[in-house]
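Structures are listed in the sections that come next.
What follows is subunit A paired twice: with subunit B in the first complex and subunit C in the second.
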Partner chain A sequence: MSTSVDQKKEVSTEVGDGAGGFAILFFLLGLVASLIVGWVAFPKLLYSQKNQPIDFNHELHIGLVDEGCESCHFFREDGTYSGVPKLEQCIGCHEEVQGQSKDEAVFVEQYVKPGREVPWFIYAKQPECVFFSHVAHVKAGGMDCVTCHGHIGESSSLKVYEENRITGYSRDIWGKNISGIKTNTYDRMKMDDCSECHVKKGVNQSSVQTGKGACFVCHK
Partner chain B sequence: MKVSRRTFLSIGSFIVGGAAGTALSPLPWKLTDDLSIWTQNWPWTPKPERGDVSYVNSVCTLCPGGCGLSVRKVNDRAVKIEGMKGHPVNDGGICILGLSGLQLLYGPTRVKTPLKRVGERGQGKFKKISWDEALAEAAEKLGALRAEGKSHTVACISGSAGGTVPQLLKRLLTAYGSPNFMSVPTMQDAYAVTLKQMHGIDACPGFDVENADFVLSFGSGIIEGWGSPVRMFKANSAWQDKKIKVVQIESNKSNTAAKAAKWIPARPGSEGVLALGIAHVMLRDGLYKKEACDGAAGFEDFKKWVADNYAPENIAAATGIQKETVESLAKEFAAAASPIALCGRGQGRTPGSQYEFMAVHALNMLAGNINKAGGVQIIPEPKYIAWTEPELDEIAQKGTASPRIDGAGSETYPHAKSLLNRLPQAILTAEGASPVQALLISEANPCYTLSDTQAVKKAFAKIPFVVSFSSYMDESAQNADIILPNHACLERLEDVPTFAGLSKPVIGLSKPVIKPQFDTKHTGDAVIALAKALGDKIAAAFPWESYEACLKETLGDKWEILNEKCFVAAEENIEAPLQFFTQECKTVSAEGDEKQYPFVLMPYDSIRLANGFIGNTPFLTKTVPDTVLKKNEMLVAVNPKSACGDSLSLKEGRSVMLTTPKGSAKVRVHLSEEIMPGVIAVPRGLGHTAYDKYLAGKGVNCNELIGPAEDAGSGLDAVWGIRAKLSNVSI
Partner chain C sequence: MNKEHNKAKKFGMVIDLDKCTGCGSCMVACMAENNVPFKADETNKLDSITWMRVYKLTNGKSFPDADFCYLPRPCMHCEGEHGHSPCVSVCPATATDYSHETGIVSQIYTRCFGCRYCMAACPYHARYFNWWDPVWPEGMEKSLNPNVSVRMRGIVEKCSFCYHRYQLAKEKAYYEDRREIEEQEYQTACTQACPAGAITFGDLNNPEHAVHELKKNPNAFRLLERLGTNPKVYYISSREWVRLAGDNYLRQEGKSEKN
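Take a look at the complex of A and B:
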């Protein structure tokens, strides 16, 4: 009787040892595979790469205008912000082709002459549910453009627009770093980044329009 | 397949490892965040337009109120309608219909191109055609009729008679050779006949409600949309603040009645008799303004006639109002410094009994408030359209000299300018071919708004050629052969002469806020194009390049200021000598046998239901309470004390069959103390069959259940109700 019991014990120990090793191996395989998927493959799949219709040179333009960013990105009389310039602002200088650049020729021929607005991709576009007022930040808050938009004004070329395939917004909102770690204020522009600054600056924590607090400052 | 323990553990470990790795990667957190944003971007979620904000001033044409608008635009899209500050009619205020007008502008009910009918009449089957084809076909049909000597068989129904577009249509008919221009009648028409008979002049009434200190309303829905709605709302609020007494005489406790200092539910239809009862007390006790009335034409006869026939005790049976109530009402009315009496039932969108209007106006004359502050203002008809008379050729002369189909202006109805309510009957009773061979419809929806719509549709079916200028696919457009769609409100330039009971009427200019979105054409331009296509003297009568040129020339020196301010004041008051009358105040009774139909059905108006050419916006329908419309079923208000026989018990929400001599409909019962026993109150403005899915198929059109009641005095439709019965619904 005792022999058969021992034999059984032996068998079960053998099986147990072998299975344990396999289990750890497969656990590690699963772990590594999913880490690769999550950290490497997923971001690649999530964003599509799009080139702007015209490669705009901010550096060149900023040297030619008098009022810095506000020469083209200006406040309207009622305090609303014009955002990305329309043809109307470009047409003053670009009625005819200026210089030799290929993009310039395309811009004048395909957009200025037929009066077609350029379908720019907007890196900083926030979801519809966000109420953002430039005038409150720039005029009343005295912030500069770089704090949120980075050094785009000094660039000579527009970077590739990475569009989130699910949301349709730019990668710049979540931030280039998929883990969400940032080093500069302009690296990402999610809700936490807004509230971080609001808290730091001691901004009024209730909505000017509704008098309601918290969420209602930005979500009307 | 047998899974060994080893395989099982391996797969399990892989899954657990995978899960741990996934949790340690940004994937789940990022996906959760992205999916939540994705849900906000579903294509049916409305998004505000971003861009350049601007305001454009204009004038509302959705009702006759003539309010000034200030429309907020973002880029080229109108995003919000607000009232124009400083406008003499509404000074920044706006009504619920005007507020939601963008839903009509951008909604699915618009006619987007000229259409030609391909299916049966009323089937709603049309094909798109070009403007050239559409105008050519209309001109060809009209030209052929004219060549056959049938020019007088062409008729036109216009939403109003004032303004350049209706006048261009009228001019087209005249030059073409037809006298049959008709406008949709309202209380303005009944008032015009009243002023003609009691002052001997062609004029419009204005009511200086802002300065009145006692308001006696004979069923006028002051806050139901009577007159110019926003102005009346403001006046009503001011009365409440200043503790000015409002007495509402109405069988239904409307909002106006509920807000009034006193609500007197008189028997429906007896309002004129009650007015003369009040006049009796004023005359008997010498409470009238002697300096105004003594020596006026017919005053002594009127005094004697009222003394003989309208003593409060004698009218109690007819009106259901106690002698004491009449006495005290008369004394209060006469004691006020500037009392005013109003009439025009509900919103006043239908005319009423001529004698009722005359009796109420007699009260104003007795109170001496004609052309006085706080009283009735007598305003001349607008004269700014001063075109030279068109030169008529032989056919036109012969055509315009033939009698009108509706009988207006004939010996029987000398004061009426048009009697649209008589048109369907005239067509149906004519022997042989229809007396109307072609019909033009502009800014009107007779197939919905006229009493006894079944008969109206039958009559329209006999008209061989119907042209609609409607911007919307309404019931009348659906019954047309050709649709020449007009630009919608806020897309077109148009003058808007506004009377609507204003004490200081204005001429407004409705300016286009946005460019026309579809392949539509201004009716003014379409009329000019039709005239040019008809040629000769008809074309010569329209010397203008375009409608805009015509309007600019017509307005002359007013053009610039109208463009800038959107309004100019109309003419000053005119002198109005008093003429009293002694005709018997004939009440208009409800059609139907009292034994067979124990109830009286009365339509009622609500500010939440647009009941004219313009249908309800979806937003407006949302505000209708579920005691009026529940899902798609309409509720009618009945007093629980109403006797309705043993076979039927009234219960809240119960389905019943409502039958009148004109038709029957399945409705639900809403029990309410706010209605006189024996009366069934039916909302006006529901039961559309055309337009879009937001408007069609909700409730019953009350006009299908009531028939026209021709007023003996004016010939206008004076119907206020019909006898009715409720019965069990057969299952």
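Take a look at the complex of A and C:
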């Protein structure tokens, strides 16, 4: 009697072992699958990819102008920043087709001649609640463009614009790295990155609630 | 970065109630400047948003002693004690904050989740809740002020002392290699709109600004001073009953306590 019970016990434990093995296998499969979904598939789904209307060559232009970035991306007299150039600034040279590039022909035919502004995608566009002063950083803070914008000035072609489908923000705000790790100052441009630099540079940390930077410095 | 441009400021307002005619220009200017939402029917005052609001005070007497006074009420930007204004102290979301640099109480709309503790804490009714998403009459969205972010349903908003104008004034100063802005470079919309010149705005810490002297006027008072909110909006009135009304004095109190 006792022996048969023991045998049964043995059998049941054996069956249990087999089920446990499957459970571990399914767990691992599930883990791998969800990691792939989370780290590879989700970011791909999250961001839509858009090409700029014209493939602008920064490298070529920066060799032709005298004042570097500020030749086209300048400050207005009231201290506001002009941002991405309007047709008005291009038209001086581009009234007629220059060179052989296909984009150049499209640019002149479709935008310059009808006087239509190019609908550029702005990589560094901040949310609406943010007030960012270029002049405070460049003139008062003495920073260069590369610190935040990277080496876009030396590129010969514009990268693909990636837009977050949920928030509508550019991927440059969160950064390429989905886990949020950054190696360069220009990898990410979230609020934490702004405040990190503000602390380093000794901008007044005048908030009563947090003892950190006040909200009404960058927010509006 | 040099600390020079970070000298602590304390922006404040002095409103001369003897000059105020109650015309409401300040309210209109404020709404236009700050993209304050409105509805087709504004009769429900529990639902309407007015960052700047003109109240009518009466002395409760009958002719010939009847008298009234108009009182414009922006956010008082209370300093409390060391910046602990009533609303800032209760906000669980750090959506409203006091800055020692400007003395302005900020409200960050994207941070606010609409619990309305601040509204309960504010003794001045200066805070308003967005019960609805703003709807602009067709075409009007094109004339919104791009320097002020519009608000959404479910959050609290209030007067910011036109902080965006300070930001813009500073940009111009930086462009011209200055660290400090002039008094006239940063003025609120209500100040500029007042046809009677009743509102004066400036840095209360700066002896060169008009408000610095005006707030020392013997007829100057602040609303509900006894609560210890330490507001930065001063009122001037030559009429004693107005000054007493400003602090909810009871009938039996008065002259002896407030000279």
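Side notes on the structure shown:
Methods note: the second predicted complex is superposed on the first by the 193 of 220 C-alpha atoms of A that agree within 3 Å, B and C clash if a C-alpha of one lies under 4 Å from a C-alpha of the other, contacts with A are read in each partner's own complex, and residues count from 1 in each chain.
As a convention for this text, a residue touches a chain if its C-beta (ideal position, glycine included) is under 8 Å from a C-beta of that chain, and two chains touch if they have at least 3 such contacts.
Since the structure is predicted, the reported quantities are computational estimates derived from the model, not experimental observations.
In the three-chain model built by superposing on subunit A, subunit B clashes with subunit C. By the touch criterion defined above, A:K139 lies against subunit C but remains apart from subunit B after alignment on the C-alpha atoms of chain A. Judged by the touch definition given at the top, the superposed model places A:Q98 against neither subunit B nor subunit C. Judged by the touch definition given at the top, the superposed model places A:D78 against both subunit B and subunit C. When the two structures are aligned on the shared chain, A:E128 is found in touch with subunit B and with subunit C.
Residue contacts after overlaying the shared chain place A:Q110 against neither subunit B nor subunit C. Of the two partner chains, subunit B is the only one touched by A:L46; subunit C is not. Of the two partner chains placed around the shared chain by superposition, subunit B is the only one that A:A33 touches, whereas subunit C remains out of contact. Only one of the subunit C stretches 5-13, 23-31, 167-175 or 221-229 carries C-alpha atoms that clash with subunit B in the superposed arrangement, namely 23-31. Residue overlap on subunit A between the subunit B contacts of one complex and the subunit C contacts of the other covers 78, 80, 127-129. Those residues of subunit A that touch subunit C in the complex are listed here as 75, 77-80, 127-129, 131, 133, 135-136, 139-141, 201-204, 206-210, 214-217, 219-220.
Residues of subunit C touching subunit A in their complex: 1, 3, 5-6, 8, 82-84, 88, 91, 94, 96-102, 104, 106, 108-111, 147-150, 160, 163-164, 167-168, 170-177, 179.
Within the complex formed with subunit A, the residues of subunit B that make contact are 5-6, 9-22, 24-27, 30-31, 33-35, 37-38, 40-41, 45, 47-48, 50, 52-53. By the touch criterion stated above, subunit A contacts subunit B in their complex at residues 15, 18-19, 22-35, 37-39, 42-43, 46, 76, 78, 80, 82-83, 127-129, 164, 166-169, 174, 178-180.
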